[in-house]
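As written, the chains take the letters A, B, C and D, and residue 1 is the first residue of each chain.
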Amino acid sequence: MLKIGLLGAGRIGQVHAVNIVAHPQSELVAVSDKFDEPAQKLAKIHGAAVRSSEDIIADPAIDAVLIATSTDTHADLLEAATAAGKAVLCEKPVDLDLKRALDCLARCEPYGKPVMVGFNRRFDPNFASLKAAFDRGEIGKGELLSITSFDPAPPPVSYVKVSGGIFRDMAIHDFDMACWMYGALPDKVTAIGSSIVDPEIGKAGDFDTAVTTLEFSGGRMAVIKNSRRAAYGYDQRIEFLGSEGLLAAHNVLENTVEKITADGATKAKPEHFFLERYAKAYQIEWNSFIEGVEGSAALPVTLKDGINALIVAEAAALSAREGRSVDVATEILA
Amino acid sequence: MLKIGLLGAGRIGQVHAVNIVAHPQSELVAVSDKFDEPAQKLAKIHGAAVRSSEDIIADPAIDAVLIATSTDTHADLLEAATAAGKAVLCEKPVDLDLKRALDCLARCEPYGKPVMVGFNRRFDPNFASLKAAFDRGEIGKGELLSITSFDPAPPPVSYVKVSGGIFRDMAIHDFDMACWMYGALPDKVTAIGSSIVDPEIGKAGDFDTAVTTLEFSGGRMAVIKNSRRAAYGYDQRIEFLGSEGLLAAHNVLENTVEKITADGATKAKPEHFFLERYAKAYQIEWNSFIEGVEGSAALPVTLKDGINALIVAEAAALSAREGRSVDVATEILA
Amino acid sequence: MLKIGLLGAGRIGQVHAVNIVAHPQSELVAVSDKFDEPAQKLAKIHGAAVRSSEDIIADPAIDAVLIATSTDTHADLLEAATAAGKAVLCEKPVDLDLKRALDCLARCEPYGKPVMVGFNRRFDPNFASLKAAFDRGEIGKGELLSITSFDPAPPPVSYVKVSGGIFRDMAIHDFDMACWMYGALPDKVTAIGSSIVDPEIGKAGDFDTAVTTLEFSGGRMAVIKNSRRAAYGYDQRIEFLGSEGLLAAHNVLENTVEKITADGATKAKPEHFFLERYAKAYQIEWNSFIEGVEGSAALPVTLKDGINALIVAEAAALSAREGRSVDVATEILA
Amino acid sequence: MLKIGLLGAGRIGQVHAVNIVAHPQSELVAVSDKFDEPAQKLAKIHGAAVRSSEDIIADPAIDAVLIATSTDTHADLLEAATAAGKAVLCEKPVDLDLKRALDCLARCEPYGKPVMVGFNRRFDPNFASLKAAFDRGEIGKGELLSITSFDPAPPPVSYVKVSGGIFRDMAIHDFDMACWMYGALPDKVTAIGSSIVDPEIGKAGDFDTAVTTLEFSGGRMAVIKNSRRAAYGYDQRIEFLGSEGLLAAHNVLENTVEKITADGATKAKPEHFFLERYAKAYQIEWNSFIEGVEGSAALPVTLKDGINALIVAEAAALSAREGRSVDVATEILA
């Protein structure tokens, strides 16, 4: 039974808490948060103690920590936790600044502790099925990957300003999916963006709608479409064209009911947002982390994976800003 | 080039006329109708002559006739046309009265002329694909066939009164499909009906909604659902459960557009009625008739098939009236 | 916090145990089973005690029992538990014998304790959505309900012999759905059956494939198709034709992935069987039971509902045996 | 009755011939082709004369010509035909060279004759339905248009070499769709391409897989995905994200049959290629041309539309070559 400390009692921390408690090999022993009330509330529900993040990390009785705090604290906590011998599951992104993230990687690696980044979508049973079918060669060689990733509604502009922008905050998930599908970093990244949904987002220096194309070695491509607003909910789809066919993961709908009248045939909308759509994915993610920590399987998402997605985000942001393709090796990695 | 006489210039006659004209091996030379105006109009469009049915049948230069007149004239015209050496494509049903239809069969057969009954649904590319897959053994042995067959709106009560009732007029198509799928007549027929759509239909002694179950040898079954009203259009579907899987032919929709908004995801309705849904089927039906007459393939629907469907209709009507299963061999055929 | 005793530690008992434990207002305190090993195992997982059913029922500290034992014990346990002042959730059916079930109802009612029968399908989010849409009048008046209910594989013949037959054991769920949809018992029941899947089932006096039609007041109808074998898994669908349209609840598929190759476009099969398909339904069922016991909502399925479904099953069995429609009021209820 | 001369008796000319003949207001009087045999064959089928293109254009008895010859002759024939007072329907593209196409426009316009470019996809009932729904405001303001356009198999490299490249030959249809949907030319064009399907295509200086993004005024975007090979057939889809929802036009499948077995649920592939998928579109296109020529409706696709699509193709080719966004106003139009 692994003793777990949860750093961060916000929306996503609460989701993880339920899965930590439900897992037969993990036990939630402590919760921290910069605000006392959510920490107390979450701790009470699950019978855990409220402690500071420092205190939790310093406690030798705690085996692993889950970092679900604000992004600006991720790198520091990762370094402290690995130094203290903890296994870590850290929410994405590692940091908004690539250099800082690379430093973090360099500092964490020597401790050799299991560190996983929370790219939840890899654990979605639909995307995982698609990836498995692709890996079995069911569509031959991968040629053109397409990811549709729309949020139901834009965040407040105040959030946008500290988010790192649409590429580092939102598209980073899709960049991870693309790197995961192809098993590689792209060579070139080209992005365009606009603020057609909310001009205030544009004034804040960000985009709310973007299209990014990725060029991988051997002529393989990916195209990622992002919008901060889909009036019908959370649109999360993947299509992968290969030499022998196409794989598509469609949206998960709220239910299977169809109504047919003189006005047409109506089915349910997609699941509203990530908490609904990825509920199962978060649970499988936690199971995978536990397996990785216990050594029965490799950790499926590494800290390096988290940094790779950030590299693509950095390149996309630069590309959209300058209206040209960005070469990852010479402009971002060098 | 076969010279064709078309008997009946109504709605269905007009459909056939287009296909006769478009076929490279057939030529529409004459049209008859009990009303002069539609006959003149149709003849003019296609450059044919208006003549009486008797005259057309008696003309040795005409190779084949298509009977698309009112039901009560079918048997007489079939007999006259085969006696005159014509090949015949006759709209369903042969007659509303089984005994009369059997007499007709007995009188036509000796002439040995090609006679086909117009069960258009057999030629629908979707149903034909399903049948072909079934015949290839793709779902193993057939066990439970389900047919959904709803019209968009009930006919006028005046039509209902002369129609022969829902089983002989409407379900007869579905009975033919069931016999065709299983390649057999059922042993037992059980039907229930109500007039929930329009009580006037009930007062006229008919049903507007009915469910018929058919039992074939070896425990094979079929269930047929009929309604005179589907607010969303013409609902024409087949499902066939076999020992190794299920085949389903879904509706043909008006188009492939889907709209997803906060209210759900809406697609088009099914094609509105038989003229739209079965336009292609009528064309293939005519091609098959020509092939059969020219001897390059067997006629796919015989006069006997037309009578078999009527036998099932007769049994269903009796069953619904008496609230019990009807044994086809002892109660209808004997 | 309600203290719960679970009677029966088999497959379905284990499903319920997880939901009892996960619910914030219920606590699993005791488990019984006729075999010691499964009881010990289940009790250990959830930290409950192993006790006899009698002991659990007699314990005044236990608020409610969940009866998940073999069918032949349901009625006795229901009577004992209600007499002892317990709220009860009892798996279907109440009893295979209608008379015994009616006696049980008569004996339980005077105690006025909450008793719910476990018709899990009412709690499936898809079927519940369909019902809610119907109740909102979205398709007008209900006219023709169709239920498809196929199991993935037939049970062993040894089970068939004690099951009460396909109508009381399997179709009873569908009969409940039909009565629930229309809010009424049918007036007439007509069923046909065969043993085409496994002749041994026929030798045991049962059917493995059946079609039942139900006639409700006012000409409303339902048709229920059952098969003990669908090679592709658990087929659980509902279609409801109303005066203004059609509602359909489609199957829940294993995932949303589609593969398109030269061989066609392939999607996943339906969820394999009831444990997968109805996992969410069992959870909602338990939530509803707790709400009903705590008085915050009416119990959604009563003991009377359980008996109504049995009445229809009785009529269907008689109809299939005698090849005729059965009048519920005069032949079953009288 | 309009007398029509058909220039070009190849594959697409044959499709048009059938529609010309079937239309009640048009009559096919003459056919030309650079090869005698196909011209003779097509003329014979439809009862037309074989003549030279020059002769047809010079004949005052001929009202309109349909140009379905090889691309390099389009501009010359367009100029000659309009000068001779003919209405013209010309297959796309006007010319592979933008300057030549602009000259052609300048020369044709003064004659004021009806000239339409054959962008058949605008007439596809599915895409036309989507456009109509968009124009009715059903998804609010258009924000992000996505077009998937894959051919079943790459053309021979010999064809690729004279085709003008993937952007001018294949994507030009999609560029027209995008301009049509937004009612505008894009401001900026960014494209990437590779020759992953067939390296020989790359050696010939072309791409077989490409992604093009278009930026329209006000932050509106489009993304177009092209591949010369989809193993499953012709993939032709549109998705349009707007401020209030999404419109999607899905593929047209070969039939509606679904087979569900232990291996999953399989439906038909999309229609194989443009002759099948756009059969109906070609017919509607011809109807629209006749209406435009007779003045009962405006011509739905002008020569200017044909040139606009070419402008985008030019920009895309330049962008893909140089790895940067191309400004249409300053780099292509100036």
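By definition in this document, a residue touches a chain if its C-beta (ideal position, glycine included) is under 8 Å from a C-beta of that chain, and two chains touch if they have at least 3 such contacts.
Which protein is which chain? UniProt says A, B, C, D = Inositol 2-dehydrogenase.
Predicted, not measured: the structure shown is a model, and the values here were computed from it.
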| item | value |
| --- | --- |
| Comparison of A-C and B-C (more C-beta pairs in contact) | B-C |
| Centroid-based (C-alpha) most distant chain relative to chain C (Inositol 2-dehydrogenase) | D |
| Whole-Å separation of chain centres (CA-atom averages), chain A (Inositol 2-dehydrogenase) against chain C (Inositol 2-dehydrogenase) | 40 |
| Gap in Å, rounded to a whole number, between the CA centres of chain D (Inositol 2-dehydrogenase) and chain C (Inositol 2-dehydrogenase) | 57 |
| Where chain C (Inositol 2-dehydrogenase) touches two or more other chains, by residue | 139, 231-232, 244-246, 260-262, 268 |
| Complex contact set, residues of chain B (Inositol 2-dehydrogenase) against chain C (Inositol 2-dehydrogenase) | 139-141, 143-144, 146, 148, 150, 188, 190, 192, 194-197, 202, 209, 211, 213, 215, 218-221, 223, 225, 227, 229-232, 235, 239, 241-246, 323-325 |
| Interface residues, chain D (Inositol 2-dehydrogenase) side, partner chain B (Inositol 2-dehydrogenase) - complex | 22, 125-126, 129-130, 133, 138-139, 244-252, 255-262, 268 |
| Complex interface listing, chain B (Inositol 2-dehydrogenase) residues touching chain A (Inositol 2-dehydrogenase) | 231-233, 253, 260-270 |
